[in-house]
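Two complexes are shown next, each including subunit A; its partner changes from subunit B in the first to subunit C in the second.
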Partner chain A sequence: MENMGLLFALCGAALSAAMAGIGSAIGVGIAGRAASGVVTEDPNQFSKVLVLQLLPGTQGIYGLLIAFITLTQIGIMGGDSNVSLQEGLLYLVSCLPMAFGGLFSAVAQGKCSVSAIGLVAKKPDQFGKAMIFPAMVETYAILSLLISILSIFGVSGLGL
Partner chain B sequence: MSKVPMKQIFICGLKKDRKQILELLQMEGIVEIRDFDPEDEYFKTMDVMSQKAQFDKNSNVAEQALSVLEKYAPEEKTLLSSFEDVKDMARSEYDRYIVHVDTYIDMAASILRLEKQIQDAEDRITSIENRQAELGPWISFDLPMDFRCTELTEAFIGTVPFAADQEDLGSKLSESSEGDAELPVAVSVISSSKEMSCIFLVCLKKDVETIKERLKDINFSMPKSSTQSCIPSEEIKQLDKQKQKLRAEIQSCKEKIAAYSSAREDLKLCSDYFTMRAEKYTVLDGLPQSESTFFINGYVPAHCADVLCQRITGLYDVYIDIEEPGEDEDVPVLLTNGTLSEPIETVVESYSLPGRNEIDPSKITSIFYYIFFGMMLSDAGYGILLSLSTAYVLLKVKNIKPGMKKMMKLFFYGGISTIFWGLAFGSFFGNAVNVIATTFFNRPDIKLRPLWFEPMSEPMRFLVFAFGCGIVHLFTGLGIKFYQCVKQGDLMGAFCDSVLWFMFAGGGIVYLLTMPMVTNMLGLKLSLGSTVATVAAVVTIAGCIGVVLTGGRESRNWFKRILKGAYAAYGITGYLSDILSYSRLLALGLATGVIAQVFNQMGSMLGATWYGALIFIAIFLIGHILNIGINVLGAYVHTNRLQFVEFFGKFYDGGGKRFEPFTEKTKYFKVKEDK
Partner chain C sequence: MSMSYIDKNYIYAVSRIRYAELRLLDGSVFDRLIEAKDVAECITILAEKGFGGEYRDPEGMLGYEKSRLWELIAELVPDMSVFDVFRLQNDYSNLKAAIKESALDLDIPGIYSQEAVADPMLIKQAVRERRYKELPLEMADIAELCHELFLRTGDGQLCDIMIDRAAMEAILRAAEASKEPVLIEYSRLTVGASDIKIAVRAMLTGKDDEFLRRALAPCPLLDTELLIRAALSGMDELCAYLMNTDFKDAVTELRKSLAAFEKYCDDLIIERLGTQKWNSFGLGPIAAYILARETEIRSVRILLTAKQNGFSAESIRERMRRTYV
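== the complex of A and B ==
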């Protein structure tokens, strides 16, 4: 029972990596399908649609980032892994914004990327604008990331 | 930092000089020609679309020939050549080559004929192979496939769709019917498989009808066409010979095509030549012409106007009029900037070019652009790599495409800014210095000290700094709005849309900073006195009231006006979300550092052994390349977003039309006047 804190904290890390990763996988996946379609018609657009396909991929990385910070803070990556139950739960909650924000924003961004890829297919010179629309969605993943980071650092600062 | 001033140019010339003048303009490439309709009975536009179509067709033929050539004799390319612009070609050289353009187009046509021949031969090989596959099961059969009968007997050669047994089949077919004697039938199964059996059957001529009936019952079918009167194994051999002949033909065609590879440059020139002519005819199509004169209307950058005017008037009898474009004209926009701001033009252009009364925001944008880009990437190692690689391309490729050059310069300066921020935050390939020293040299005390502070240990400090950058950025935007309004003489607009907002938002921010709760939360050691608080509050309220009163000033109805003003004042929440948006500087900056650390740590897991070192190097290379890729993309996209949404939102609408001069839109060569 004394390791429950560690368990909860680890749950948080796992959730943020897994859920944001799932979201990114879905997002990059649907964007990739649209991108392949464009490349069959016009192989010259490869580099542009590749960039657009990659845009929903960042959530997975943010999720990984939060998981990693959590793992370092709770000492799983080496060091003293003494986490109280209270602290563990706090870490779990800190990870949740990234987990949910990452999952849903990545899926939405993927759909947005699909449309942007369609835009580039029709008007390759409008690439700059096409890139901005999916990037708008990412804002919310970034906000989630921010809150998760601040919370994790905050929790470790509490010294519970 | 500005838009290039444009002049409107009218050229009226004699029809006999039309071709030369147009060619001159095309080569100079500094005049944008606008179609216009004088609505006059003397001036008519001319329909030249059919000639244009012919030129387009020729240039297409040359292009196709080039792609065929590329297939059989690929041109050698280096990695860097994709950055290169079209080659220059002197006018005299061009003239020397271009007289042969007909031979070039013939050459292109013969290349296409050879390609056609290859395709035909390949088709025939396919059909031969099909035939051979058909004959495969018959290979042991020693009669020609079209053998039909002898004097007394009739022969059937064909297949049944099941695995046939010789005896079964024989008895089935020879079975007596209605008490007659058994039919004399000889069946032999040549080959048999589950799906199909090849059978040969001989019967007496008188029994043919009965046998045919019975064969029909077991789905017997004759092979489709057997034109050759020889035994199957012989036919297969003959087909093999034909195939060899066709292959040799293909080979020789390929060689013939490859022999044309020395003419590749000629073909390129030919393609360019026809593209240029087609382009010229597109312009010609819209030109108003009278019986013996023609008329050109267009725009030319002001600094080129006089030189151009002198050149044309010196050579031909023309009348040229150059004047300031009128207020309502849709003047095309061309940007010009110093070396540092020039790359940002691409960013501005991908949003929108400045509209009629707007300034070119490239210069002011560039300052923030590089700073934000560097903060987001924030790793000295990555900055060095980025700057070195782009500098390499810039130095190595002399003849670089203009757009590519701007892009490379953008990342070069961005890289330099990244080095600066990386050093400020003490990040060099993440914490690589410390990890290497600890793992391999057992010196955990060695690490790169940040020149300023470490974002990982003081994220709040970074966040406050990011917000501060955001406030400066937003208020700069508001300041430009003020400048633009004053420049247009719209003093009311300058006061209402800029000054009042400065008071409202700026006062609000200062007031928030006087509250201990806020400063504590942000970790600022700042104590502003109560006087400041009072002044800030008064300024904020004055600004707020001002916005409510003037926000809807275009409405005449006072009630409506106040309602609209109140709604405008609600826009202060927009400032809040705009400022919060700058937290992405922190998020992306931390992301780079943390991911770099993840890879460093993963690499160092095997400790200070020789294989540990190898694994470290491998993970270090792969991981950091991946991280650079992701984060350069992220930094680029999000810096753009901060400019487009937060910054441009304050003052910039865009909507300008790009200056597109009538020029040689060629793919391979650019013809230049002799020096």
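== the complex of A and C ==
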């Protein structure tokens, strides 16, 4: 029972990495299908559609970052791993914005990338504009990342 | 591979379709074709656009484009049965041909459409040998009924209207079974337009209500009983009834001529499906593309035939269908 705090904090780290990762995998996966369609018809568009395919991949990296910071803060990566139950629960909650924000924004961004890839297929010269639409979705993943980071450092600063 | 791994949103396919849409003939190409001085110039313009592959004769070019369309769709969609809606009418045309060929004991080459769901030769053989159970399930009863009727009475027109009705019912059923909103809308508009055309022709030739009841397929967009009553009363009543349906904007065209009404209905379907150009997921964009190509091929056919027969540019323009792009 004395390690429950650590367990909850670890759950937070795991959720953040896993859920944001799942979202990115789905997003990059569906965008990849659309990209394959374009490259089948016109292999010259490879570099353009690759950029659009990779856009939903960032959430997975953000999730990994949050998981990494949490693991460092709770001492799993070395140092003192004495985390109270209260502190552990706070870490878990801190990770949730990134977990959910990452999952849903990556899927939404993936769908948006599919449409942008369709745009590039029809008008390759409009690549710049096509990239802006899925990039807009990134805003919300970054907001989730920001709140998760602030919360994790805030919790460690409380000294509970 | 389990079903969940199959791309249910047809993302790859839609992406390929976006490219294929680029090759559709647009309004400006049709303008050039209409202004062309003869068929040879039309063929040169079409060949420039890559239409018709290596062929340089109208039938060869149109046939090539039809088979190219279905080859692409077969490559993109693993289960082609969802698009039966677009081909079922050809099956029923093949059935009509098979019944007449068998009853008159003839063998006419080239009367069967290859762009059909069932193998035309299977239909031909099954009808000739009266093995109706070998026909696709929904066709068996109507085939037997019409074959026997034709042999007994020789009434080709009656057989035709019964088979046409069965075709329309099959199209509606296939669309409903696909659960694809685009196909459902297409089927309803197609069947509705067909019913109205039948009603108008019946009115002009003085047919009775019994004929209409046999010929009209039930359509969710129309009340068949009201349509029959209106058609029996005259053109004004028919138009008044249509004003309360989805076809209200078609009334002006219907008053002009049946050809104008037919063109309006084709344009209406293309217009309703136009929104699929911005949809990136599902069967909708693929269905819309098939229809756009079918309409394009039909427009080219009308245009080439009109040019061959020396129609003026203006009268050809009146007959041209709306383009998808």
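Simple rule for what comes next: the second predicted complex is superposed on the first by the 160 of 160 C-alpha atoms of A that agree within 3 Å, B and C clash if a C-alpha of one lies under 4 Å from a C-alpha of the other, contacts with A are read in each partner's own complex, and residues count from 1 in each chain.
Please note the rule applied: contacts are C-beta pairs under 8 Å (C-beta built on N, C-alpha and C of every residue); 3 or more make two chains touch, one makes a residue touch a chain.
What you are looking at is a predicted structure, and each value in this text was computed from that prediction instead of being measured.
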{"item": "Subunit C versus subunit B on the shared subunit A, clash or fit after superposition", "value": "fit"}
{"item": "Touched partner set for A:92, first subunit B, second subunit C, both or neither", "value": "neither"}
{"item": "Touched partner set for A:34, first subunit B, second subunit C, both or neither", "value": "second"}
{"item": "Contacts of A:83 with subunit B and subunit C, given as first, second, both or neither", "value": "neither"}
{"item": "Which superposed partner A:137 touches (first subunit B, second subunit C, both, neither)", "value": "neither"}
{"item": "Which superposed partner A:155 touches (first subunit B, second subunit C, both, neither)", "value": "neither"}
{"item": "Touching partner for A:58 - first (subunit B), second (subunit C), both, neither", "value": "first"}
{"item": "Partner chain in contact with A:20 - subunit B first, subunit C second, else both or neither", "value": "neither"}
{"item": "Which of subunit B and subunit C A:108 touches, first, second, both or neither", "value": "neither"}
{"item": "Where subunit B and subunit C come nearest after superposition, their Cα distance in Å", "value": "8"}
{"item": "Touching both subunit C and subunit B, counted on subunit A across the two superposed complexes", "value": "none"}
{"item": "Touching residues (chain side subunit A, partner subunit C) in the complex", "value": "30, 33-38, 40-42, 111, 114-115, 117-118, 121-122"}
{"item": "Complex interface listing, subunit C residues touching subunit A", "value": "7, 9, 11-16, 18-19, 21-22, 278, 280-281"}
{"item": "Subunit A to subunit B touching residues, read off their complex", "value": "51, 54-55, 57-58, 61-62, 64-65, 68-69, 77, 127-129, 131-132, 135-136, 138-139, 142-143, 145-146, 149-150, 153"}
{"item": "Of subunit B, residues touching subunit A in the complex", "value": "346-347, 349-351, 459-460, 463, 580-581, 583-584, 586-588, 590-591, 594-595, 597-598, 601, 630, 633-634, 637-638, 640-641, 644-645"}
